[in-house]
Amino acid sequence: MSGASLLQLFFSGLTIGSIYALIAVGFVVTFSVTGILNLAQGEFAAVGALTAASLHMHGAALWVSVLAGTAAAVLLGIVMERAVIRPARRIDLLSVVIITIGVDIVFRGAALMIWGADPLTLAPFTDRPPLHLGGATLDWQTVWTVAISGVFFVALIWFFRTYRGKAVRAAVMNHTAARIVGIRPSRLSFYAFAVSAGLGGLAGTIVAPITGATYDMGLMLGLKAFVAAVIGGLNNAPAAVLGGLLVGLLEAFTAGLISSDYRDAITFIVLLLMLFVRPSGLFGRTAGKRV
Amino acid sequence: SSGGGQGASPGGGAPSDTIKIGAELSVTGPASSLGRPERDTLQMVVDEINASGGVGGKKLQLITYDDESNPTKAVLNLKKLLDQDHVSAVIGGTTSAISLGLIPTIEQAQVPFFSLAADQRIATPVKPWVFKLPQGDNLVVERILAYLKSQNITKVGWLSSSDDFGQGGKNTFEALAPKFGIQGVAFESYVPTDKDMIPQLTRIKNANPQAVIIYGIPPGASIATKNFAQLGFKVPLIHSHGIANQDFLTQTGSASNGVVFPASKLLVANQLPDTDKQKAVLLKYKDDFEKKFGYPANAFGGHAWDAIHIVAKAVGAVGGDHQKIRDYVENNTKDFVGCTGVFTFNPADHNGLTKEALALIKVVDGKWTLLQE
Amino acid sequence: MIRRGPLAQLYPPSWPAIVTVGIVLAVIPFVSGPYVLSVLIAVGLSSIVAVGLSLFIGYAGQISLGHAGFYGIGAYTSAILALRGVDGWATILIGMAITGGVAWLVSRPTLRLEGHYLAMATLGLGMILNIIMIQWTSVTGGPSGLTGIPPLTVGSLVFDADWKLYYLIWVMALLVIWGFRNLVHSRVGRALKALAESEAAASSLGVPTARFKEMAFILSAMVASLAGSLYAFYLSFVSPSTFDAMASIEFLIMAIAGGVRSVWGAPVGAAVVTILSQAMKSVVPALFPSAGGEYSILVFGVLLVVILLFLPQGIVPGLARGVLTIRHRWTRPGDSGSAAPGGEG
Amino acid sequence: MRMAEPLLEIRNLSKRFEGVVALEDIGFTVQKGHISAVIGPNGAGKTTLFNLLTGMVKPDQGEVLLEGRRIDRLPAHAIARAGITRTFQNIEIFQNMTVVENVMAGRHLRTTSGWLTSFFSLPGRLRDNRQAFHRAMELLETFELTDRAFQPAGILPYGLQRMVEIARALAAEPKLLLLDEPMAGLNAGESRKLAAFMQEIRHTGVTILFIEHDMEMVMETADDIVVLDQGKMLAQGPPAAVQRDPRVIAAYLGEEVI
Amino acid sequence: MLRVENLHTFRGRIHALKGVGIHLNAGEIFAVVGPNGAGKSTLLGTIAGLYRPSQGRVWFEGAEVTGTAPEELVRRGLALVPERRQVFQGLSVRDNLLLGAYHRYRQQRQTLEMDIEDILTLFPRLRQRIGQAAGSLSGGEQQMLAVGRALMARPKLLILDEPSLGLAPKMIAELFEAFVDMRKSRGLTILLVEQNIRAALGIADRGLVLERGRVKIEGSVSELKTHPQVEAAYLGRYAEASASPGGPTG
């Protein structure tokens, strides 16, 4: 395979990887603050994408649509936190995960009712012909996707190094201890859901020009992003970005070089082998637990 | 055997002036963009029929269940239609996998079934109780192959979705291509939920085909088309009837210009010559549907339209008995002009379409254009 | 009331409940139509998978998002072999053996992982299995699957009618439930619960934690395979989408909604989830005539959330606790603040 | 039984964690039938020593012999089988199991029914349940925990959870019982009672090695004392000698001996 | 400073506190002792806001704080060293200490380094472990960290649940000396649960004996020390009478 083709695969992996990355970050934000694995995470992307696309199709300016899409997701995140997560605070984490699946079902059903089953489209953020680099083409939307996940990558590294960032990590390590030093975990949980929903919504609006917006787009995105987040080590938001890119690149190169039929299987096998070598994620550290 | 012995004897519980028709559809889940127009069409037609006094003095009652694109739930739904609702006929099985999954139960319960899915195996070999409305993959693929041959193309790249739709196309292609002297130089697949098909297309490109066939439905097929354009492919791009949907045009924009594909005539109804038997039917359906539901009609809804009309006609003639309906449909459906094509069923053919059921369509400046051959 | 010894109080015998449920289930075909049977068959099949899962999750403290894959191995093995003329019962056993082998192969590395890593690994495993079902077309029939699987037979008895399969499947399900209850209330069950709470402490007491986790995994995979085989013989049709990641998640929902720390949780969860989602299909349109299938899904999601919010331990433990509390109030009127200690009877 | 026979022999044991030297070149023996104590300042490596002895952590270097047989490379459960059980400083109780089930779990090695026996409820299952239950109830009675037997262990107060852990470790009928700060969280009266009980256990033939900061109890109970400091052996000997050792006083006991 | 009246608290179904009252003056050291399961930890937890009382009231510095969340109470100057240490396992020793000052971080960032220095002087062992994850510390080291973290909050009232647990004798002596110093230098008020009764009564001004959720004896340290029942009580263990009414029958 030629160098240009390889580069093309690389770009492809980058595109899809940064999409996973953005949603994976949302996973990690809620997980590292509340300890809850929010499996409805993917739906924020769907809601963001659908809202933006339908507004845009009704004539709203592109940036207004994108903002509105993100805002709609934030709103939904907040509602979810208040209505479901907060009342569920005291219950077993496994049950909470299933509750988030329930929420996911509700979101998806509602999206289907509101927007129907057919895909909506959103205009690309930069409407120019693709870039040509070294014989390969690069879509402008990919540039956007990569740039935005890059921004989050840096921002998250920064945030988790700050004092607040540490408080956030502390809150999930030990709820009681966090409260007795004055951290307000419920407030953090609120912000965490708002932020991760916003991230998901934004990710959705970025993806929509590439893939269209459908009511069920969140499901697969969510699962893949979950994988990316876990590979990165769930507690580590910057690593989730890397995890997303890794999954995307693996998929692209497997499909391009080995087999598109068995792409997901091969990708998973590689990821699993990595996990077996590093059982706490590629960038995770084993929590300082001992007996 | 008589329907009466089944315990599912129609008219038993229901007031005798209504006849129940069951619909088992994938209204939600991955196949929902097929299942929804099917459901809406069925309801629309039933309402129309009832508004105009019903058939044979009887009203139709439509009972629809959603299987969420899940074959197991589909079987449960079917049993419910048979056992609790005592329907006279069943329309449904949105996807091939689900239709195939329903067939054993249908055969056992001996109730007429009108499948809305394309897979060859549904109606070949002929099963007494199973009728199939959509064109089979063989018609579609043959049409594509004939077109390619007419363009002197012998080496093609193939990309299909890894679901029953894509798989059905691929199997048929592999079986028929040699007859047309055409060779597949690259076979790739994508998962319907994929967001990017550049890797697959890159592989296909490296195999230097003279044309590329993409066999799938939107949004996957749309993404693939955009990726195709993005990669600067210069060869003709052929699609299947799976893209016969307005969304495809919206999603692909200029990327789909030049795409050629065979599909139901519904898309180009107004471009059909007035001599075309289907023209009037298609225009009316399209018009009614779009007025009522506010989204574009498509071929899948068209299959449902055909099914319910065929059933209604039979019910009007012979009432609600399973056996009678089946016999009537098998023997008396002759030159029935539907959205999908002109149907003529007989004991050896439960699909009853010819290749005239398909039009060859080209996308020109973002519009469906009937390709005159 | 039967006077029970203290040990029986800790581990009440399983047969009374099994027999009661068995009798109720045995009567149902005589008083209901085939639709009810087919729903109950679906419940029975899911119960078998969910019971295995609840052992693995609720007792061994692990997680699996891949059990639909094992369910699928069973179904496909039976389908493929039975279509080639192998005896149905043999295909069930071969399926279980293959599944056990696969589970054993992957368990070593996989079960070293914890929590979400394990969730991801099993999700991956399930997806890999599912992809094989989709792509290995020559054997599996590809995305549209295999049809025409011949029914199970015993001598001249052919399991071709729903009611026969209904009895067969529920006999198996009750057997599995009975076995898992025995297991839970035994030395093995204690070891599993122990390692779930503290691997260090369990191993310090001589429990080979890795092996016990593996065994729980393999066993739960094998019963899933059993259910899968029965599924194939019931529908006489298999296709890959029945065994995808969503199916794994659905089994998980059943196990957890029912209550993973109770063996009866699984069948109850399976029943509630299956019946709810079926009932929604009739109830929702009846209440809102204009509503389509979308509403059923939505209402189902809402109900799932509500059930778990109010019964976070799952339905069975939740209701059991509710009954206890009521009985408690009943037998001990007055303020619970009274200092009087002691017990009744 | 000859009293001077070594049950446990530790040779040149070393362990480091990412640069931290937790134990360096430790060697001593524990005599069969004795109650021995390990003392030393916080972070001296006492718990790490227990973790090495029970296979929770693998040594970097050195050997551990139980009755002359090397056990330092065995996995934790095999060491338990060889005859060593323990309690944990930070209490590793099975919180959601009832108290009696906790102790029954301790009977794992003294019962045999496996997966098949349990699944199909072959006779061994009930026999083992009965046997484990009766032994567990006996132990709970000794620890005055009978009234808590059917409560989830997690709701017990801290001090009683310690007792459940000891009962659990004892249920396995070990040759060597390791107790990590068994008296932490007990008051003087409760400690004394436990000390008396430890003597009783010893008379049933169980050798005890324990870590404790309560000097009064250590001096009263132990036959031998090993003192660790910064991962090294500081002193070893009978209580009276150790108590007077100036190095021990400086590093551990402090000026005013409590 | 702190007043508690007729406090009743349930832990699950167990009625753990049955009408406890305490009164603490500013600058006082007050010890609570009692057998296992007496309800000592429950008492401290209820005061610190971790458990909600079913009845009774708590005043802190004249204001009623019954049922106030712990995250609020620490802002008012009440810090708790909980049972079982509860350090942030995955964070370094330093970050644990820093987070102890969470509520005053915004205003008093500059003073934190100084305070950490003080704590490391008190616990030199922690200085050697400053960058290590708290979860990998030894038991005693974690105990030091838990106390250090509470001190970082610069509380007015320090509530300690068995601070001597797992500490070496020398360390206990030093720590208790430090408590006395802090009371002197900063006017710190201390409420202390201890099993090491001698150490506790060594520094306390007043105290009480809690048994089965009730105050058995209350008074000055000299009264307690000489009380015949105290001597007697701590020579024998008490059977639990507050066992769950929902527990086993028979």
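So that you can tell them apart, the chains are marked A, B, C, D and E in the order they are listed, and the count of residues begins at 1 in each.
FYI, contacts are C-beta pairs under 8 Å (C-beta built on N, C-alpha and C of every residue); 3 or more make two chains touch, one makes a residue touch a chain.
Composition by chain, UniProt nomenclature: A, C = Branched-chain amino acid ABC transporter permease.
For clarity, every value in this text was computed on a predicted model and none was experimentally measured.
Between chain B and chain E, the least number of touch steps comes to 2.
Separation of chain B from chain C in touch steps, taking the shortest path, is 1. With every chain reduced to the mean of its CA atoms, the largest distance from chain C is reached by E.
Computed from the mean C-alpha positions, the centre of chain A lies at a distance of 31 Å from the centre of chain C. Note: centroid distance chain A to chain D, computed from Cα atoms, is 48 Å.
One inter-chain figure worth recording: chain B and chain D are separated by 73 Å, centre to centre, where each centre is the mean of the chain's CA atoms.
The set of chain D residues touching two or more other chains comprises 56, 88-90, 92, 149-150. For chain E, the set of residues that touch two or more other chains comprises 132, 136, 243, 247-248. Residue positions 28, 162, 189 of chain B are each in touch with at least two other chains. Residues 7, 25, 27-28, 39, 64-66, 68-73, 75-77, 79-80, 82-84, 96-97, 100-101, 103-104, 119, 121, 162-168, 171, 189 of chain B are the ones that touch chain C when the two sit in their complex.
Here chain A touches chain C in the complex through residues 37, 84, 87-88, 90-92, 94-95, 98-99, 101-110, 112-113, 219, 223, 226-227, 230-231, 234, 261-262, 264-265, 268-269, 271-272, 275-276, 279-281, 291, going by the rule given at the top. By the touch rule above, chain D contacts chain E in their complex via residues 17, 20, 40-44, 46-48, 89-91, 144, 147-151, 155-160, 181, 184-190, 192-193, 213-215, 251-258.
Chain contact summary for the complex, chain A toward chain D: residues 290-291.
The touching residues of chain C, counted against chain B in their complex, run 33-36, 38-39, 42, 134-135, 137, 142-145, 147-148, 162, 231, 235-237, 239-242, 277-278, 281-282, 292-294, 296-297.
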